[in-house]
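Look for chain A in each of the two complexes below; its partner is chain B in the first and chain C in the second.
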Partner chain A sequence: MGFEALLGAVAEVASGGSILFLLAGVFLGLCFGVIPGLGGTTALALLIPVTFGMDSLDAMYLAGGVMGATSFGGSITAILLNTPGTAPNAATTFDGYPLAQQGKAGLAIGAAACASSMGGLIGLVTLIIFIPLAKEIVLSFGPAEFFLLTVLGLAAIAVSVRGKLLRGLIAGGVGLIIAFIGADTITGDLRFTGGINYLWDGVPLVPALTGMFAISQMIELALKGGTVATSSGQDEAANMKISGVGEGVLSVFKNWGVLLRGSVIGTLIGAIPGLGGTVASFLAYSSTVQTDKDPESYGKGNIRGVIAPESANNAKDGGSLIPTVAFGIPGSAETALFLGILVLHGIDPGPTILLYHEREIYGLIVAITFAAVAASLIGLVLSRFLVLITRIDVGIVVPVVVAISLTGVYVLDGRMADVLLTVIMGVIGYLMIRFDYPRLTLVIALVLGETAERSFHQVQLISDGQPLGFMMTRGISVLLIAAIIITFFLPIARKLFQKKSAA
Partner chain B sequence: MSDESGLETPGSVKSIWPAVVILGFAAAIYIVAQGYSETARRFPSMVAISLMVLGAIDLYSRTGLPGRDAVNAFWGSGFDRREMVKVPPLGKELALFAWIAAAFLGMAIFGILIAAPLFVFLYVWRRSGRSVVMAFAAGFIVFAFEYAVFEWALDYTLYRGLILNGEGFSAW
Partner chain C sequence: MMNKFCAGIAALGVLSAGMALAEFPEDKPVKFVVPYSAGGGFDTIVRTFAPAVEETLGATVVPENIKGASGTRGGQAVARSKPDGYTIGIYNIPGLTVSQTLGRDLGFSLDDVSWIANLAQSKYGIAVKGDSPVNTIEDLCNLGHAIKLSDTGKDTTSSITSVIAFNIIGCDIVNVTGYSGSNDTMIAVMRGEVDATLKPISSLAKYTATDDLKLIVTFTDDTVVEGVQNTTELGFPTLAKFGLNRVVGGPPNMPADVIETLAAGFKDAVASPAIVEWAAGTSTDLSFMDAAETKAMMDELSEFYLQYKDLLQ
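Now for the complex of A and B:
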């Protein structure tokens, strides 16, 4: 069934109709990736309402195009302007920009393009291999495992938001409480609605996500102000000679070990909810430096310093889809928004997503695979023009994104209350950024809240009020409990180990 | 206390008030939840109690009381990896909130197709200080996008506003 769905998705793209959505997504992803502060999350938040009325698979192609292309868009400005388009591209500046300054911009861009594509492909192949296994695992799950899985997902994300465990957990708790608003799934009692009819069905996911990511991000960007890159830097980039692209592409195959290591690191890091591309690319970069015979050459224009972070950054997309498609736990802000698109198309983003929506899941995988390659090809051709996008200043980008986001949210259900909710969530999201509470854990708790509560009640019922005793009799539950405990104590163990090593 | 960039953490960020708000919020949720049936209140009560405990730890970690550093080390409650390094003045923040609230109110009163481009035009012109021509171009692009994508391509009628809609709050 899985293989058939995969072939079906490939055939649909090959037939031509869907490729337009895919290319539109790729182009949008490249443009948003180029502009620092925007990135894939804003692009996806804006896209959600645009997919309204589309076939669910076409929506996947559009979203997949964006998800597959943003990271390479960000690396173009990282290399040419020393300005990473997205946070994970920061590692590419270390050697990419020095190469550009030495007149080897084409070499660096060629290597980045090829490493991105190859890394993306390796990550997605891993995902495809993992899916049948994940399906078997999900089929063996009962309510106890689903409940523990949501707890594990939240714990993993809170722990992995580096240096913010406490506030990550608090944000997760607030997210769960927001998820409780509306009719209780078991009794049907209305809770925390404050007498507002609009809240009877709970807080809708898409306006909440749009507010949390698009609006709050725009508020932050507006308060930072300024332009994206200096005009002198842009002039320099516009006049830069971009040659030796083919040599850059070949350099990736010559350094296949670096590519493979970066891709494996990216896939593994991506699969851990909450870690994301920044950790993946920096880890890949530092491991390459540490294992190289000539570590002194890094930071001065070593092509391996471009290949490692770029391959890791794109490979993490496949990795981050593993918890998302297998267990319904979004591993990153982008995958949380992807779940928002699924909700819009009537798909329940719960742990059983893989069992009932293979068509959409494989469609997304095919889309990201194509996008990873297409973005590199398009990016190579348009790199000089894409740099010019950074000339658009924040003073224009912010109101445009706010206006389109608010309009898009209205289109979903034709309710102005959704627009108001988006504004409120945007302000809450901004306050979370300002006071240093991670937004990701809140959003993921909001997504998982209903599943967590329903599973909890089911376990209570089938265990006669002895949930812990019941869980301890089930092998998978015991494994999950152990995983939760390890997740919580791993940072402490790491600290103790570091202290011991330092002593 | 400073972050990775070497900047001092602003007083408003490390003050006790965010933790107090969380504690108050969790307590309110717990109290409200007690009014529901046993099944309906069980899980929210558990989460509210957990949130109160976490809020109390957060509050303690923000004080100068003994053991604070140990709490910070154990719970990772320091501020050395802030997402927003520079905190803007309160007046600027409130002004921006007012702009976004105005965008919403404009859409509610005059409708999306009028208010969204108008918001973009006014924002680019007045707040961002760009030329009228540039502001008009930005507003027109938004109008063209919204009309082309939503009204024309998706065949969707955008909200016409309380004044022009004639149906009051029915579309809310």
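Now for the complex of A and C:
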């Protein structure tokens, strides 16, 4: 049934002028993705009022185009400027940027483009297969599982920062403290607000992440001067005439295991409301590093370090629709806005959404997938021009990026305080670069902190104060506990094993 | 006496301001402030009403989202505007009423808002899991433990209603809050981690239609769903007073003729086919009240919640 409806939706997209809305969405998504500070959420939030006068299906194509295209757009900036265009591209910077510095930006962009499209396709197939089970999946993930997933994410921090364990943990701890600022979601008590009203609702993520990733990196670049690509890398790039794009595309198929794992992690995390793409791509990256035979090669320009997060990043869109088709609830910030568009068109999302609004849902699925592929193709065509960015003097790059990202932060809610927060986080982020503290661990803890705290509190209440006993009776919880233990002990076991074999 | 005095003052204000603005609405757009982000319940109702009101009022209506600080930032923006009818807003009632009653600073006073109209009202009901052995409120109270209820936040209207209602009924509850939306609170009931949830009947209807949830009581005076008891027949007539209202208001001291023009525009909009059709599709309970009725309702609500001040603090 799923695939028939899918084919119907494909035929509908292909006919008439709908494709124009879709392409407009893709173009918009790419632009919003490339620019740090602007992301899919901002694009959709700004689009909601615009879609009011449109046919509901055309609105879906526009929204789907944006959702599918932003994540690849963001990877371009991540690779070329070490600044994730959208927060989920943060993990891509680890290996993407070193590749760009070595003059292999084409290779990285090719791999990112291909991994994004393939991830999107795999996410879509997984979604269609799991639609009949969607209700069961959503019902088997309660507060206990949400809490354990956040613990798993926090545990992955510890293993992702090899050699810098203490610094990683400090950054993670600071991230958690920042996440706890504001009113407690359960009790309503105010914490760490220092009498500032703005902080009552907590630290908003978009400004915090934009400051952490974009502004800090721009400060770093401005102080360093010159261009992004190192002089040796620049010569190399000039000699190679930015080739390697095709090689990058092929590298994805050579590392299909990495692609598949990234996509599965992306789909799963996407299906869990509140975790989101940043966590999905981070977990995909850290699990790839962990299971690789040569973990030391990461962070220095290993192409798999680009494939894993980028595939997860696009697969998560398919996953985030699982709660939507099951109960009409959002799996991500983007799907929440997409449901807002539906409400505006007189469709009330609920458990019967797939029954009565199949056209809209499948229209969106097709649009997202089409957009992921189209954005990558456009990106590949443009890549030879885009990599030139790495050879532009930072004196030009920095002011442009700073101005646009601060404007983007302001536009989202129209609050000057958000801009101020972005700058403050930018300075903190720069100090972290300067003193070699990993920024992503702070961000992951910041993203996970709220869900971790809230779901733990909920488990306490629903288990009558016996959280552990409650969790041990739930199958998925037990599996997650096992995964957390393995995540903790795998690196230690590997070290012991290496010592033995060395001796 | 005091009331008469106030009315006199207001009338004076109306006279002076009214003469200058006799032409409302001129060729200038009316700003309709939504205190929440685009795509939510309040935003939807405003954006749906905007074109209908444009027609009945003959002026352009532009929705503007000013979100933040639990919906008070939007209310503050309206309160600071000129009372010329070109800035109006939608208010979350009785959420704001309760906050003000509890002495929280909203940044503006609800008593000063020029109330224009009430557009919709939702009544509450309690639902349990579809296959639950619980069939009545009595069964729910006899579970042998404090009833676990799911909700989004401690200060939401439904949470406050739960606390007061179960106090009146006389059963202990544990309010498990923190769910990210009203749909999530209902899914929590389906997962079985809580016993029941109290939500607007129209929201619950989506899940009772698929038998995922079962409605056991409605907070109404009459039977609204066949075979489901209402609180009044159970001997708790006070509970039918609870509801969630979508109220339109403007800056303090708005001239009476401007209020009247706006209220008439909303009244015709509520009756327009486009709005009626939209309401049927989204199970929105349209319920128009004019300016005087709205004001009376607001005063009644303040008094009503004042009785429970101690319970809520």
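We adopt the following convention: the second predicted complex is superposed on the first by the 266 of 503 C-alpha atoms of A that agree within 3 Å, B and C clash if a C-alpha of one lies under 4 Å from a C-alpha of the other, contacts with A are read in each partner's own complex, and residues count from 1 in each chain.
Methods note: a contact is a pair of C-beta atoms (placed from the backbone, for glycine too) under 8 Å apart; a residue touches a chain by one contact, two chains touch by 3 or more.
No experiment lies behind these values; they were computed from the predicted model shown.
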Exercise for review: Report for A:R415: first if it touches chain B alone, second if chain C alone, otherwise both or neither.
Suggested key: both
**Study point:** First (chain B), second (chain C), both or neither touched by A:L124
**Key:** neither
Review point. Which partner does A:T187 reach: the first (chain B), the second (chain C), both, or neither?
Key: both
Practice item. Using the touch definition from the top, say if A:L337 reaches chain B (first), chain C (second), both or neither. Key: second
Exercise for review: Could you tell me if A:D201 is touching chain B, chain C, both of them or neither one (first, second, both, neither)?
Suggested key: second
Exercise for review: Pick one for A:I219: touches chain B only (first), chain C only (second), both, or neither.
Suggested key: first
Revision key, fill the gap. The chain contacting more residues of chain A, comparing chain B with chain C, is B
**Study point:** chain B versus chain C as contact partner of A:F52, first or second or both or neither
**Key:** both
Practice item. Could you say whether A:A374 touches chain B, chain C, both of them, or neither, answering first, second, both or neither? Key: neither
Check your understanding: Looking at the overlay, does A:L209 come into contact with chain B only (first), chain C only (second), both, or neither?
Key -> neither
Check your understanding: For chain A, which residues lie in the overlap of the chain B contacts and the chain C contacts?
Key -> 52, 186-187, 414-415, 457
Exercise for review: Write out the stretch or stretches of chain A touching chain B in their complex.
Suggested key: 50, 52-53, 162-167, 169-170, 173-174, 176-177, 180, 184, 186-187, 189, 191-192, 198, 215, 219-220, 222-224, 393-396, 398-400, 402-404, 406-407, 410-411, 414-417, 419-420, 423, 426-427, 430, 433-438, 452-453, 456-457, 460, 491-492, 495
**Study point:** Touching residues (chain side chain A, partner chain C) in the complex
**Key:** 45, 48-49, 52, 138-139, 142-143, 185-188, 197, 200-201, 273-274, 327-330, 336-337, 339-341, 343-344, 346-352, 413-415, 454-455, 457-458, 461-462, 464
Study note, to complete from the structure: The chain C residues in contact with chain A across the complex are 37-41, 43-44, 47-48, 63, 66-69, 145, 148, 153-155, 174, 176-181, 183-184, 187-188, 190-191, 193-194, 206-207, 209-210, 212, 277-278, 281-283
Check your understanding: For the complex, which residues does chain B have touching chain A?
Key -> 12-13, 18, 22, 25-26, 29, 32-33, 36-37, 39-40, 42-44, 47-48, 50-51, 54-55, 57-58, 61, 73-84, 86-88, 92-93, 96-97, 100-101, 103-104, 107-108, 112, 116-117, 119-120, 123-124, 127-130, 134, 138, 141-142, 145-146, 149-150, 154, 156, 158-159, 171-172
